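Just below sit the structures, each encoded as structure tokens.
In the two assemblies presented below, chain A is common to both, partnered first by chain B and then by chain C.
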Partner chain A sequence: MNRPLHLQKVLYRHPGLARLAVVVALFLLWEISARWWIDPSFLSPPSRVVASFGELFETPGIPKALQITFWELAVAFAISVAAGLPIGLAVGLSRFSNRSLMPIILLLYGTPQVTILPLFILYFGIGPPSKIAFGVSHGIFPIIVTIVAGVQNIKPILMTAAHSMGASRWQIFRWVIFPHMIPTFFAGMRLGMTGVLLGVLLAELYVSSAGIGYFTQLFTQAFDPTKLLGLVSVLAAMAIVMNEIVRRAEVHFGRWRTD
Partner chain B sequence: MTAGDAAIRIRDVSHEFGEPGDAQFVLALSHTSLDIERGELLCLIGPSGCGKSTLLNMIGGLLTPTTGNVEVHGKPVRAPLPRDIAFVFQENALFPWCTIIENVKLGMVFQGVPKSEQEPRARKALEAVGLKDFMGHYPAQLSGGMRQRAALARALSLETGTLLMDEPFGALDEQTRMILGEDLSVLLSRSEKTIVFVTHSLGEAVFLADRVAVFSARPGRIKEIIEIDEPHPRSPSFVTTEKFSRLRNTLYGLLHDEIRKAVEQSATAVPQP
Partner chain C sequence: MSAKQDRRDKIASRAVQVGFLVALMGFWYFATAYWGVNRLLLPNPLNVWQELKDVLGSGEYLPDLKVTLTEVAVAFAISCSTGVTLGYLISRSQFLIKVFEPLLAGFYSVPIILFLPLYVLFFGLGEGSKIALGTTISFFPIVLNTIAGFGYVDRIFITAARSMGASDVQMFRYVLLPAAFPVILTGLRIGFTVTLLSILGSETLASLAGLGHKIVHLAEAMETARMFAYIAFVVVIAAFLNSVVSSVERRANRR
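This part shows the complex of A and B:
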């Protein structure tokens, strides 16, 4: 009699179960529609995508292309952080540079850069450098903007306290400003990662001679959705792993907030 | 008392915020002079905005006087003197990303204490304030009262001759405040420190101080100085004595008119349309 009520309670207590149920339902819908309703040259069922992973990796050029794209992502991300952190600090810590430069940064951040993608190809060629540059141009702004915000909302009393105990400028940076902005810095890095992924993949799809962009176009034009979706799954996995690494580090360094 | 005895000499000190003629201009403190003896606990009490915190910050070198000067142990104060002066603030000024013991040690890092001395001094200070079992906790895990104990431990570990306390128990509830006041009295009677203590509480001032400086409403001046002639450490029963009530009533009488004046000032300070 009260079984449905019981099930409701169990689901309510474990949101993870409900989440899992939604994911399973979506995959089922995908599987069923791909098998019976949709033209196989447009969509292939997830079971077949998974089954053909082996075949995908044996396709000549694919492992190399994945390697190149992963490398482009990593380099673009590293440059975004390495340049975004000092720029964010310089802009955030000085009232003058904040007021003079911040509007420019916000303007650039808000501009849809995809319109100038052809210029990136023109300047950097069709190889990896243009992908990296376009990735950086997407990844660096969220990092700068979050760091600027992060160094600004620091409690003045903490600066006064450090000052009263004789802290030097460097010590104030090392022990007050830096730990204060660590959580925002990680949040910025995650946003930056999303930006880098978007930038690199957009540039890859636009024109590509070596990365996975070339193959996604090839598979689409050859009506081979199995391999296309396989490739997309690998990319998604890459994005999830990178995001999770940063998220774990964020939780670790932000212990003092939640504990 | 000869002039050489004074640990802190304040001469003709004023402080203005903003430029004269400005709408925002405030004369917070006006031509104040005061000597504070070595080892004395002086309370500053007065209505809001009378410049008592301003005076404390000028003694500590966090603010520069507009006129006059302050000397601590014969040295003119122009910037913070971390080797001579430690602060305890009203607000929680612990670094939230450091554990309690790390917070205490960080003060010594800033002050320049050799690394090998930091750990034992931090432990000793935390034991003295009763936080021995909470050294590894983060400030967010402690109550407001415990956080102020930790802030006090940080100031004590710096081993300065002077301690400046700006309403350190201001944000706490009455009962926590009473207990902390009693503990502070015991703790400080053992030290030779010179202490300047800003408070709003009449009872706290009488219970803790050797002398209480009563401020007038803005522009702040010292209206009168009351001696509290009672040896330290003071037992909790001091609060129930007739002497305590008499001193408290004297302070109340001195303050009452000034508080009224301050309230009227803040009412007329509303900007004209």
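This part shows the complex of A and C:
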């Protein structure tokens, strides 16, 4: 009688422990249901998925495909940031360009880009360039929009104060706008990374000659859930790591701001 | 800044916007009509217009539109009911919030589009896999916003209502619900947008019917002009649906 009460108390004091218990329970449920209830050609237990990781990486083409996908993600993200930052600054810093161009940018941002995915394949082929281009088309808009919002959120009083103390345009940019930009910049990078991941993976799954999209299709058609789940978890892990790097950077560089 | 200058500014920026669109259309027209860009890659805008009129006039889009809208409606209905219910149940205890909120938020950061191959394996190429994907993607913003709405109601309101003897039902109806409603609505709006996007996306990737499927089909048949017409059609429908949802949200919040 005393024991369960005690356990309850411990769990109550450490929500992290309870969280871990929930995750373990879910995996156990998955393991049990996959082992005894569900047709093995549809779902395989996590233990078997993990055990087959070695086999998965020995499948000819898989390491190469993962490498290609990783490069597509990295290049698409680099292009999105390199193009989105100057565009965002140019649009955000001038009242006129902001007023005239922002509606166009928001309009483009709001259109469902998946509908033009076939066009990207038509123009850029089925290789990596189409994936990169589609990733950029998803990643660049959140970056632009965040940067514009960030530039405009600088308190006018700070600008006026700098002005009245005789700061030059460059000094204002260096000492007022730039420090305020850093947290926004990283927030934009995080949103951009989410977009790039979505765009590249969508394009990969749509059509692919040697990338991961080819293998997901292969495993689906071969009713090989073990390898499919393995591949999906490797990709998910890759996505989580990339997201987490950008998120950590955001927290790190945004911590000076208290408001 | 004077009102006059402000108005002149507004006109100038409108002029830039219109000029941009006119230049884009003009460039598109000249590129296809005179500069010899391959018609298979970029069709003439006049052809696209013809095709669009043909598509709309013949009603050929109706079966695909029906499939897509049904999938969106079913997926959104499932994720709304489960998301709001679970979110409410979790938000009833601070302990449950602490346990589940980071889990759900962490899961939300995985690109859920990766599940599509699994869902195709489980549910087949038909509507089932699209609905499953749309539901999974929209579930997370809805449940997280519901938790945020119900879970972080200012303590002072709850204490005040309790000390004035509010019953559980009264508490829910007059304190919790009004406080949480705007946040939940935002979650529902985001959920709807991502449902629509993911349904269109999954139809593009692997499907048997629907608007996304139609666009891919036309792309593979190299009927680019008709594909452009369908793309324009889908973009307009998506914009319309999203603006309807946004205006519902705004109106409900004004009350």
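Assume the second predicted complex is superposed on the first by the 244 of 259 C-alpha atoms of A that agree within 3 Å, B and C clash if a C-alpha of one lies under 4 Å from a C-alpha of the other, contacts with A are read in each partner's own complex, and residues count from 1 in each chain.
The rule is simple: contacts are C-beta pairs under 8 Å (C-beta built on N, C-alpha and C of every residue); 3 or more make two chains touch, one makes a residue touch a chain.
The model shown is predicted, which means the values in this text are computed figures rather than measured ones.
Participant: With the two complexes overlaid on their shared chain, look at chain A and say whether chain B and chain C clash or fit.
Facilitator: Partners fit side by side after overlay.
Participant: Scan A:Y12 for contacts with chain B and chain C and give back first, second, both or neither.
Facilitator: Second partner only.
Participant: Does the superposition put A:A51 against chain B (first), chain C (second), both, or neither?
Facilitator: A:A51 sits against neither chain B nor chain C.
Participant: Under the stated touch criterion, which partner chain does A:I104 make contact with: chain B (first), chain C (second), both, or neither?
Facilitator: second
Participant: Output check: A:A25 vs chain B and chain C. Expected answer is one of first, second, both, neither. What do you get?
Facilitator: neither
Participant: In the superposed arrangement, which partner chain does A:H163 touch: chain B (first), chain C (second), both, or neither?
Facilitator: first
Participant: In this superposed model, does chain C or chain B come into contact with more residues of chain A?
Facilitator: C
Participant: Return first, second, both or neither, reflecting whether A:P179 touches chain B, chain C, both chains, or no partner chain.
Facilitator: So A:P179 only meets chain B here.
Participant: Take the Cα centre of chain A as the vertex and report the angle out to the centres of chain B and chain C, nearest 10 degrees.
Facilitator: So the angle at the centre of chain A is 90 degrees.
Participant: Nearest CA pair across chain B and chain C in the overlay: distance in Å?
Facilitator: Minimum over all C-alpha pairs of chain B and chain C: 6 Å.
Participant: Going by the contact definition given at the top, which residues of chain A touch chain B in one complex and chain C in the other?
Facilitator: On chain A, no residue contacts both chain B in one structure and chain C in the other.
Participant: Where on chain A is chain B touching in the complex?
Facilitator: Interface residues on the chain A side: 155, 157-158, 160-167, 171, 175-176, 179-180, 182, 255-257, 259.
Participant: What part of chain A is in contact with chain C in the complex they form?
Facilitator: Interface residues on chain A, with respect to chain C: 12, 15, 18-19, 22-23, 42-43, 95-96, 99-101, 103-104, 110-112, 114-119, 121-123, 194, 197-198, 201-202, 205-206, 216-217, 219-220, 223, 225, 228-229, 232, 235-236, 239-240, 243.
Participant: Where on chain B does chain A make contact in their complex?
Facilitator: Those in contact with chain A are residues 60-62, 80, 82-83, 85-87, 89, 91-93, 95-98, 106-107, 109-112, 138, 140-141, 158.
Participant: In their shared complex, at which residues does chain C touch chain A?
Facilitator: Residue positions touching the partner: 9-10, 12-14, 16-17, 20, 41, 95, 98-100, 102-103, 109-111, 113-118, 120-122, 196-197, 200-201, 204-206, 211-212, 215-216, 218-220, 224, 227, 230-231, 234-235, 238-239, 242.
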